[in-house]
Structures are given as structure tokens and as C-alpha cells.
Amino acid sequence: MGILDRFLRAAHFSGGVHPDDHKRPAADAPLRVMPPPARVYVPLVQHIGSPARAVVAVGDLVKKGQRIGEPQGAVSAAIHAPTSGRVVAIGDIVAPHPSGLPVRGITIASDGRDEWCELEGCDDPFALDPAEIGRRVAQAGVVGLGGAAFPSAVKLSGGLGARVELLIINASECEPFLSCDDRLMRDRAAEAVDGIAIMLHATGAREARIGIEDNKPEAIAAMRVAVAGQSRIRVEVIPTRYPMGSEKHLILVLTGREVPAEGRPSDIGVVVHNVGTAMAVRNAVRFGRPLVSRLVTVNGACVRQPGNVEVPIGTLAGEVLAFCGGLRADHGGPARLLLGGPMTGMQVPTLEVPVIKGTGGILVLDAAEVGEGEGGPCIRCGDCMRACPVGLLPLEIAARVRAGEVEKAAGFGLVDCIACGCCAYVCPSRIPLVQFFHHAKGELAARARGTQRNETIRTLTRAKAERLERDERDKAEALARRTAASLAAATEAAAAVEKAAARTNEESGACA
Amino acid sequence: MNEYLLLLLSTALINNVVLVKFLGLCPTMGVSKSVDAALGMGLATTFVITLAAAASWMLEHWLLAPFELGFLRILSFILVIAAAVQFTEMAIRKTSPALYESLGIYLPLITTNCAVLGVALLNVQQGYGFLKSVLFGFGSALGFTIVLLIFAGLRERLALASVPAAFSGAPAAFITISLLSLAFMGFSGLIPA
Amino acid sequence: MSHARILREGLWGNNVVFSQMLALCPTMAVTTSGTNALAMGLATTAVLVVSNMLVSLIRDVVSTQVRIPVFVVLIATLVTIVDLALNAWAHELYKVLGLFIALIVVNCAILGRAEAFASKNGVAASAVDGLATGLGFTLALTVIGLIREIFGAGTLFAQASLLLGPSFAFLEMRVPAYEGALLMILPPGGFAVLGLLLAAKRVFEGRRRADAAAAVPVATS
Amino acid sequence: MSGRELFMAAPAPHAHAGADVGRTMRRVQLALLPATLFGFWVFGWPAVNLFVITVAAALLTEAWCQRLRGCESRLWDGSALLTGWLLALSLPPWAPGWIGALGGVIAIALGKQVYGGLGQNLFNPAMVARVALLVSFPVAMTHWVAPLPLGSAGAPGFVEGLRITLGSMPVPDAVTSASLLGHVKTELSRGVDLAQALDAAGGTLSAWHGVRAGSLGETGALLLLLGGLYLLARGVIRWHIPVGVFAGLALPAVVAHALDPAHSLSATTHLASGAVVLGAFFIATDYVTSPNTASGQLLYGLGIGLLTWIIRSWGGYPEGIAFAVLLFNALTPVIDRYCRPRIMGRTRRGAPIRATQGSAE
Amino acid sequence: MLAAILSLTILGAVLGAVLGVANRFFHVEGNPLVEEIEALMPGSNCGQCGFPGCAGAAAAIAAGTASPACCPPGGRSLAVTIAQRMGVSLAPGGADDPGPLVADIDESICIGCTRCIRACPTDAILGGPKQIHNVLRDACSGCAQCIDQCPTEAMVMQPVPITLQQWFWPKPALQG
Amino acid sequence: MSVPETQRGIAAIRERLGYQPVLLAVSALLAGAALTWAHGATKSPIAAAEASDLRATLTQVMPQGFADNDLLTDVVELDGARGPVRVHVARRAGTPVGAVFRIAERGYAGEVALLMAVDADGRVLGVRVLKHAETPGLGDKVDRAKSPWIDGFTGKSLAEPAPAQWAVKKDGGVFDAFAGATITPRAVVKAVRGGLEFFSAQRAQILGGRS
């Protein structure tokens, strides 16, 4: 089966770019583990979906790994204490987000002991029921570590329907500067493969394929050794090209099949998990350890000691940087502070933002790395179109967004844009294309919210009007009953009341 | 056959109604803000002009010429055209709401399109037979539709450009149609009239 | 609306060509020279005044069903009369203006004024409106015609004496040693001149508004 | 606050490939340079003067319009220089200076700045100017000269050249000559056979080596081809438009020449004469006014080629490429509307593809 | 010459009859407001408004999707007339439009009198007698009917606060 | 608005089915009457204007007072190379002294139509362009309004210059061409020469025919 498949699959997707990867010095530096800082700031929403609800109060003592946030709703994730200590505040903290808006979170003052709470492990995960694995992963608050932070349990246990046949492990790590997955595979290949095997068992897929870009030979070698003897897990070397790591493109390259637009990988029997997620799943299932730390790449010309660090969730970015020797002042100083990679990562307004589950990198870039330059008007060169891995016309979409015609922009496939940034990366006029798309998507969402709100309000208004009217009628009828029994003279009054009620009835009918 | 093809080509492109003969400019400027509207307008106009060419030929040859009533030409042509347009609009509106939405709503706009009467009058001047008259009407309308569509496409792009305030809107549209007619001059001399 | 106001609107504020963008075909077709433009403008004005008055007179009698045909009949009659008259007594001019005399019928401005103004107003006001609109049209045509003529052929009001009568000879002028840029009298020139004039009008009005705003210290309402 | 300003949020991506508009324009200019210098050599000082005047007029108009609009000056992005350059290359080399000056003004003011400047125009500014000049001043615009290489006997010196450009000295009659296409058109209209007509004009060979009458920049076809290949290699342009233009012109020419060699030029003559090479590589490829997608560009190129052939064969003008480019500029929005890339996960028509469950085998 | 007058009269009569009958048989009932606005429009059906003719423009204005000032031939006077008829103001929103407002209750002043609850047409206010009240932002229509009811002035209208979930990138500043 | 009742009355009648044809018929009737009157009033001036127009063109190509008859009505219909030609015969005191007729040739952009007058000896009296589509500024110099070039034919005949010289200078003839435009003059020369040949072939019929 594999052979035919190899012929059928596409070696490429159209579009994409080849940015300078800047991975090396950081990727080759040995992995370091950062001790818990004095305080951790743990946002209650670190994932896609509804925020968790705090289940501790200010002053409570917590152990590392203790659940402090309860998931709410079907798509949500639990939050756990990253270290032991005392809850000192529950309230607003600066979100690790370009807006700099506050987010609700729990602040814990570390007691320095970093003491685990009681954990429920399991010696033979393969004996567990897949549903049980899903439950344990959910318990552990595992979310996708590839960037989008979607609650992994939802994807694992096929909670969303369709049967999964193929598990793809996303170890492509196509973003420049980032190397946390690379480092993980080099140093902990066996554990990662164990996690993949558990996932394979949980999803019921027949096979797992680990996609690794060919610019990571050490990781490929390590993973090849680790999968030896596992007949259902295979390492696939794929060309280096951004955005190989985007799940739809990875699936295309590995299977030759396209995920339908507006659909999900599960529609074609595939599920994609990041390799770090596999590690987190292993920790959750084998040892009952929730997701309280993650590997973070600290990189960029302005960082004194670039490398990969295992960081407790909630540690402030500034402290991580300090752990890496702080910033260098040469190079004309830092130009941008980013969380995540340069292509899709976000610039944050201050160093005082916490690392969260989805933070794969902390980058401090200088002007040359950012490639700053002067912008201009679009010259319709079409480079953005050729760079777009989805086949969109970024220039046309952006022109319409600029003119305020968001609906028309949507007609050009705005919803299909994965915000990979290839278009803006190549644009000679440096049009902030991605910002146009983010804006338009936000605008469309806001309009949809507005419409929905109006709908709600309309329903509520009608409901209240009806209720008032009913009350009035009830009152009138009660009055009528009471009076009819005693006084005949009162009947007239009752009739009048009834007539009034009827009139209101008619009026409201006309309104509706 | 060749002769008919040439007639069609020459009326549609070389002696284009809008750009060369200067007929039907108001709707060309008015209904060219979106390609969809332009298409609807173009099709509706094609229908009316072709109809008018046929009707005016009959009026001319069966009524005006035999009774030597040339001085009633303008009056009778326009009367018949206006009535036909209004009738068609009412009929479509009632019988086919879908067709009305895509074509019918443009019909009232056609009463003020001087290309309709212009083509009918030119037709008489040329002294064509019935078939050629109809073809002449159809070719002219086709030329109108082509220019309208191209122009609407250009204006949609124009709407996205950062045109200086003094030129935004109508002035830029006129400059654009000026350049379009400049381009159409390349067709001159292609087929000797 | 006062008659002065109607006049001002028709001549400038709501000029058929410059503001309403109607009657564009004659505006482009007969403005290859100032003389043609002037003549066409005057012929149209005559039709406009009379048609506006007549429409205003009969406005209560017509029904919606046949309103357009009735107006059209009326206008067509007037136009035919003008057409015949020009043919008889200004034959040279008639040959130049050609088809476009007949097309005054469908000149959107005429039906437009009939519908928009005359069918809603009294006879006197309608006549003034017709006159204002017509003169506005004449003004626009003549300006465009003169610009195209001077740049395109190097003359002003050429052949005025031939077309309008010997008394108009004083208008004729010629720029010596200038052959003219042909483009201006060809279609592209016509469109471009109108586009540039519209832009100029906008700049002019913008400047005037700015001046007015600067002159009157912000009025508190 | 300054800390916040340092990190003023910019959207992703925070990296850039380094392309910029000025570099693209400079590459095109570099590609044009050999053919331009060749043109200077063939036609001497008057050609140099005309070139300088045209480019200067374009640059001055650009600067003036940008001042009027009150936007920051983008004079040095090279696009106005390129427009002036291409316009100069498309003029008769000994045309009077005022032709070049007026052309530069028309190209930039009416062709470009009216629309808001770089990237906003709908028509190719240089071709707008060329066609406007041709239509307005047909005599001056069809006045060709025979090659008089710099330094050869009878070639005007610098001062003479200046006088010719400024119009204070008439062009000597002996020098005037018809361009190949103009000559062919005249002779055909007289009923002279093509073979004879071509013999008199020096045959097809002169078209390729370039020492022949023609516009300033069209004669060095081989050098232009070289420049075009450089642009292709550099990725400044893609092959679809040039190949489309060549094919659109050559295919009907081959057929017609086979059917009636006495009255239709061969495909090679068509390709080598006039401004085909210049047009295909440098003019039709203008980003702003051509379609974006590969299929759209191919269609656009084919259309320009075909229309050029039609105008040359039957039209009123001996050379049709400028008109063809303008007409297809006008059609570009229509082409763009119908030629769009397929979106991943969707059919060509935009509906999501059907999910085919399972079976990787 | 009798032929001329006669033929024309017959032509007129026939066409008039056709149109009259057509109007009777093909009559489509329209929206009275649309018809009223249409009667105000210039009727030249030039299409400059971007709608297919005056009827189209009238329908769009009545539906609120077009501005009363959309008709160039009608000019300013028409715009004013239509705006008056529609009861709308001509001036567009303007820069100082604060965006939608919702009610907010200052919890420290609220005495739980429930008056606001009774006034709210959408039941957007939660809370029983003598309890601190709260406004459900998603249900509040911003009608401000509750504001005057509050005896302690605890209620104010405030712009909808932007949350992390709702924030999105602003449109990039215009370029070129 | 002062009489709302009558208004309403009219409004009611206006909606009647029978009202429409009557209204339109009445309008048409009035229009027809008005036009008939106008037609009657302008009929003869128009005819006169058209006739004088034609006559003016015909006499333009010959010296003043060359003929004393009405050229417009003195016509013989003859077969030319391209179909029938209407030849207007000029007479003095009844004797044919010349002829005026139309000639045409394909120019640079379409046909150039000319009117030429020949005297009884076969010498050109004058040539005028009636219609052409030549490029303004180039070919249109054949128009007398633009340049006197066309007067160069006056006095020429088939014998003088010699037949080989009946061409533009570029082709070895005696006639000038315009700078940058040879095609149009070439066409005109060819047409005039064709006209002279036609005249010499049909001379007998033209001059012999009595009116």
C-alpha cells in the first residue's frame, strides 16, 4: 500500500516560500530546563474554545499539576498549576497578544519547592480503552502545541465524528528561527515515539507518518532509530518549504490528497498532531502529568544565548530571556519582540507577558532579520499570488478590504486564507497584506456577531412584550372572574378591560 | 455570409456605437459601476435595439415610405419604441420575476438611451433590407454591450485605485473612456465602410 | 423655488452635463467646434422650454400608464418641427448637426426635466427651468466645443458666419501657425476634455467652499 | 510609554524576502540598456537628445503631479523613468523634441497620475502617450530616418543634432526613409508584390541585425531579446506574456503566408520587424496593466499578438502593437475576472471539493 | 395629408390600448413607500445612482441600503426631500460616532429597586428585589430606557468594551 | 392644488381602461396635425435648399459663368467602368461645352469620392473631393478646404502631361505628393485620369445627346 501511495502523493504544493531558516545556533545548543520563577501568571484561556473557570481562590495553596481551571463547554481545556505555591491574585493579566488587552488569569507565588500533586499514572496505556485515553488527555489539559492550541482530546477521541485512518505527526517545523520540535526529537525521540504509539492506539488509525523537513538531519536520524521495530509508524522526509507545517499542506504532501475547503482533516480520515503534542500525551497518559511546561525556542540576533528551554507555563517572557543571558545591545538594538515564529508569530507590546501552552518561541529580532524597508502602493506584480500556498489572489482581496468592501473580499476566498504570511513576505511594496486579511476576517466576524445580537434582542423584545400582554390578560381575566360572581354592574368594566386587552393583542399582532 | 459577418464586425467594433458614433453614452456612464449590472443592461439593450431595428424597418417600409410620411419618422419610431419597452417591462415583471430581476429592471433605463432611436434612424439612412437592418441593430447593440462590459470592468478596478480627490468618480471615468476610445482607434481602417 | 434659484441651479449647480451627466451624446458628438456646439445648444434649449411648458400644462391629464408615450409624442413633435425648420432655413447647419437633431428626442435631459420638474410644477416655473437647463446645456457644450476646437484645429467659432449667419462672423478667430492636435477633435479628445473640465469644476468648487469656510468664522448653530 | 512604542504592534510576518519596487524597475532598465545604446549608435545625436528630453519630461511631470497631490515623492522608484524610457524607445528617433516632451507629459499626467500614480493606472502610460501622439501628429510620428551610425559620413554632429531635435533645422530629405512595415503597406496598396517590396527594403535580415529605419528602440531586436531573456532569468517577468505575443502573431502569419505569400509577410519578418520584441518583453509585461494569473497572461499575450497581426494585415496603421496593448489593457479586468487560480480544497468554480473518505492505499 | 394624421391617431390609440390593458393585466402590487419615493425621483432612469433606474433606487432607499443622496440628477434638493420623507438625517455618521452603547450598572450604587428591569424591553437586566443588578451585554439593545428609571443614577450608557476575543486588527493606514 | 375635487375627479377618470387609448390617440392626433402643418410649411424651402446645395457643388468645379443651363436637371446616364454614372452636361446657349460627373478610387482609408468637370476638349476644369475618410493631417490635404493641391489638375488633359506622367512624382509622374502620405494623392491622380479616360470614351454620347 505504501508504495502506490508514494507515487500518488504530491511532492509539492504550489506556492510557498523559502525564507532563510536561522535555526542553527539555537537548534544545536543543548536543551536547558528553566526552574520555576518567583511568580507565574497563568491565563485561564490558552486554547481555542471557551475560557476555563477558576476553581481556586486567592490565598489557596496549590501543588504543581493541581487543577486550577475547570474547562467549560465541549471545546475547552483544563488549566493546572505550573508550580507549587500560593494563589496571590485572580484577575487581569496582560495577554500574550498584540492587542495588549488584559485576560483573566491566576497568579501563583512559587514556594520554590516545585512539588507535584498526586498523579494518576498508567503502566500500560495500550491496555486502556481509547475513550479512557481521551479522558486522561483532557484531564491533563493537553492542547495542540503546534500553534493553534486546539484541545487535543477532542481531536484524539474522534469526538467530532468521522473515523480516522491515518495519523500524521507534524514535525516539519517550517517556521524560521524555531527549533523546539527539532530539539525534542533529537533529545527525546524514544519518548516522542512512545507518545505517537499511544496516539495511534487512541485514534484507532492504521498508521502514523511523521513528517520532518529535510533541513533537520539529526532529528530524522534520531527518529528513524526510535521508530525501528514499530511497523505502523514511519518517518517521512519532506522538502523544506514554508508553510509545510500547515496541516492541509502537510497532508497534501504526505498523501496527495486535499482537505476540502471549509472542512477538516477528519473529513478525509486524517488527523494531524504536532510531535510535541505527542510528548504531552505520553506524559499525560503514562504518568498522569498535566501540561504545565513546554519547550520554547529563544532565538534572534539580539538574544545573548539562543537555545531551547523547557519553561513552566506562566513564566514571563522577560524572565525567559533573562535566563538566556538577556539581550545584546549591539546590532542597533532589538527591533521586534515576538511570540512564535516570524511568519505567523505575534509581536507583543511588552516583555511582561506569560508563556502559555501555545508559545513555541520567544524571538528578539534586529532590523536586518525583520527586513524592514519602505513600503509603497501595490504594483500588481502578482508575486503574492504566486507565493500563496492556497491559491488566493492576495492583491485583489487586499484591494477590496482597503476599499471597505469586505463582502467582496470574502468572495475572493478570504475564509481560505491560512494567514501564513507568504504573500506579505514576498511583496516588493510591503503591503501589510496579512493585516488586511486579519482585519477583514475580524470585521466579518464582528458583523456576524452584530447580526446575531440584533436577532437575540429582537427575540427578547418580542418575548417580553408577549409576557407583559399575557400577564395583563391573566390579571384581567382574574378580575373578571372575581367580579362576575358578585356584581353584575362590574361586568361592563370587565368587558372594557377585555376589549382593551384585545386591542393590545391586535396591535402587537400588527407589529409582529 | 461573409458580407453579413463583416457588417456585424464593423458595426460592433470598428464603428462602435458608443465610442465612434457617440450614441448611448448616458447609460454607458451610468450603468457601468458593476459588471453584473452592465451585463443585465447590455442584454436588455440588445433585445430592445434589435426589436427597434425590426419594428422601425416595418414602419418605414409599410407605412412611412408608401404614404410619403417621412416627417413622421422620428415621432412614430420613438412612440413605438417607448410603448414596446414599457409593454415588455410590464409583461416580464408579471410573467417571469427571475428574468425581471436580471433583465427587466434595466428596461426603463432604455427609454433614455439615444442609441435605440439613433440606430433605428441610421438604419433608414443606410437603406438596408430587413435582414441587414436587424443585423445592423444587433451588431450595434453588441458593440454597446461589449463596451459597457469592458468599461464596467475598468471601473470596478478604478473604484479600488487611489484616485486623487479631484478626479475620483466621474472625471476619472471620462478619462478612462477617453483612453478606451483611443484604443478602439486601432480598429480604424480595418474594414472600409 | 425662486426663478433666480432655478436659473442658477440649471446653469451651474445642477448643470445637465457637468452635474447630472445627462445628454452626453450630443455633448460629445457636436462639440468638435464652438459653432456646432452653440447651435446644438440653442436648438435643444428651444425644445426644452416649449416641452417643459407643454408638459406642465397637461400634467394633470396624463395617467401613469401612458405618461412616457405621451411625453415622448410631445417631445418628438417639437423636435421634428425644429428639425424641419433647420432643414428649411439653416440648411448648412442642419447638415452639420445631422442625426443629433433627431436625437434631441431621446436626449435624456428633456425627458428628465419633463419628469423631474415640469410634471410637478407650474407653467412659468417650468419654462424658467427649461430655459435654465437649456442654457446650462448650451454653456457646457460651447465651453467644451471651444476647448476642443482651439486645441484641435487652432480656430475659434470657425464657419460661424456660414452656419449661423453673417452676423456671427465677429466670433471667428484663428491661432496663426498652429495646425492643431487632431486627437482633440476625435472621440478620445472629447471624453478627456469633459473629464478634465469636471475635475476642474470640482477643484474650483472645493476652493470656493474652502474660501467661504475661511471667510465666515464657524457659524454656531 | 517609550517601551510600548518600541514594540508598536506590527502584524505578521516579521520577515521579508527583500524585494522592492526600485530594484525591479532598475533591472528592467538594465535589460533595456544594450538596445538603447545600440539605438543611439544607429541614429546618432538627435536620438540621444530626444531620449533625454522625453525622460526628463516624464520625470518632471511625475515630480510635479506628486507635489500637486501632496503625497511624498516617489520619484526614485524608477517607474516614471522607465515610462519615459519606453516612450522614447517607441518614438521615431529624429522626431522633434516637443513630441518627446509632450509625450512624457501625456504619459505621466494622463496615463498615470490621474489615476493616483504607480500601480493605479488602467492603461500602459507609455503606450497611451505613443498612440495619442500618433493620432494627433501623424506626420511627425511617421517620419523615419535611415540609419546613420554615429561617426559615419553625413551623421549629424552634436550641435546639428540639437538643431534637428529643436526643429530649427529641417531633416535632410535624403535621410528620410520608410520603416519596413510602412514600406510594405505602401507597396502592397500599390499592388506591388511582397517579394519585390522586401527586396527594396533590404529584406528580413536587416530587421534582425537592426541597422534599419524604425523607432529608436525597436531596431535592435536581438539585443532586446537578450534583455528579455535576462528579465526572464531574473524572474522579473514570466514567460507567458512574451510567448503568448509571439505565438499570437506568428501562428496566423504562418498560415496566411503559406496561403498567399505575395500579400502576407512571413512569420519571421513579422516577429523581427516593428516593435514586437520590445512590446512582448517590456511593454505587454507591465505588471500594472496585465493580468496576474498564468492562464490570464497567456490569453492576454495571445490576444495582443493576434490583434497586432490583424491590424498590420488589414488595419489603417502599419504597426498595431501599441493599439493591441491598449485594447488588452482594457480587457485585463475581464480576463482577471475569469482567470483565477484554483483555491486549495475547492473546485475551479469555488465549491469545496468532495471529501473522499479514507483509503490511502 | 389626412393619411398622416389618421395613421398616427390609430397608432396612438392602439398603443394606448395595449399599454392600458397591459397595466391592468400585468399589474404588480408594490410597496407604497417605494412608490412614493419613486414619484419623487427624477424619473430619467439614468442609472447613475448605481441602481437599475429610479424604481431600483427608490426601493434601495426605502430598504435603507442606499443613501437618499444617491441620485446625482436629483441633486441636493431631492436628497433633502427624501430624507425628510424618510425621517432620516442626511449627514453620514461622521467621525465622532461613538459606536454602539450598552447600559452598565455601577454595582456600588445600585440599591436593587428593580425599576430598570421593568423598563427594559429586552429583559437584559438581571437581579431580583434588593439585589445588585447586572446588565447582560449581549441582550442590551442600547435603547437607554432604563437610564432615567434608576433613582440612584447607577445606570450609565457605555461603549461596548473590547474583549480579547472580539479584538481584531485595525485596517492598515492607507498607502500610496 | 387649489381644487382638490376636480383633481380627484381627474384622478379617477385617469385610471379607467378606456382612458389610455383615448389620451394617446388624442396626443397623436394633435401631434400629427402639428407636424402636417409644419411639413406643409417647410416642404418647399427644404426642397429649394437641397437643390441649391447640389447646384452649388456642381458649379464649384467649373469657372463661374461657364455654363448657363441648369446642371441639376441636364443629366445623361452612362455606363462607366464601375456601373452607371450620372453625367451632368454643361451648355452654353444650348451647346454642350463640358460635363460634370462623379469619380471614386480607394484611398488610404476607404473610398475617396470626387466630382470633376471636363470641358469639351477633354481638359480638366476642376476637381473637388466630395467624401473621404483619409487621415486628418495627412491624406485630407486633397480637400480644397485644407490645401490648394487639388487645383493642380485644372487644365490637364490626357495628352498633357503624357500618359506615363500621370502619376505622383515618387512614381515618376508630375504630381506632388504630401509628406508622409503618397497613397491618397496616388489614388486621386488615378481617379482623375480614369475620369478623363471615361470622358474621352463616352465623348460622343455626352456631347451629342440633346436634352
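Observations, loosely collected:
To keep things simple, chains are lettered A, B, C, D, E and F as they appear, and every chain counts its residues starting from 1.
In this section, a residue touches a chain if its C-beta (ideal position, glycine included) is under 8 Å from a C-beta of that chain, and two chains touch if they have at least 3 such contacts.
These numbers were taken from a predicted model, which means no experiment stands behind them.
A centroid comparison over C-alpha atoms places A as the chain most distant from chain C. Summarising the inter-chain layout, the chain whose CA centre lies farthest from the centre of chain F is A.
Distance between chain B and chain C, defined via averaged C-alpha coordinates, is recorded as 22 Å. If each chain is reduced to the centroid of its CA atoms, chain D and chain E end up 51 Å from each other.
Per-chain Cα centroids separate chain C from chain D by 41 Å. Multi-chain contact residues, meaning those touching two or more other chains, occur in chain A at positions 98-99, 376-378, 402, 429, 432, 435, 438.
Each of residues 21-22, 64-66, 69, 73, 76-77, 80, 84, 108, 111-112, 182-183, 186, 188, 192 in chain C touches at least two other chains. Of all residues in chain D, those that touch two or more other chains are 11, 74, 110, 116-120, 132, 135, 137-138, 316. For chain B in complex with chain C, the touching residues are 19-26, 29-30, 71-72, 74-75, 78-79, 82-83, 86, 111-114, 116-118, 121-122, 125, 165-167, 170-175, 177-179, 181-182, 185. Residues of chain E touching chain A in their complex: 120-124, 138-141, 162-164, 166-172, 174-176. Taken in their complex, chain C has these residues touching chain E: 1, 9, 13-14, 19-22, 64-66, 69, 73, 108-109, 111-112, 115-116. Within the complex formed with chain C, the residues of chain E that make contact are 12, 15-16, 19-20, 23, 41-44, 46, 48, 72-75, 77. Within the complex, the chain C residues that touch chain D are 181-184, 186, 188, 192.
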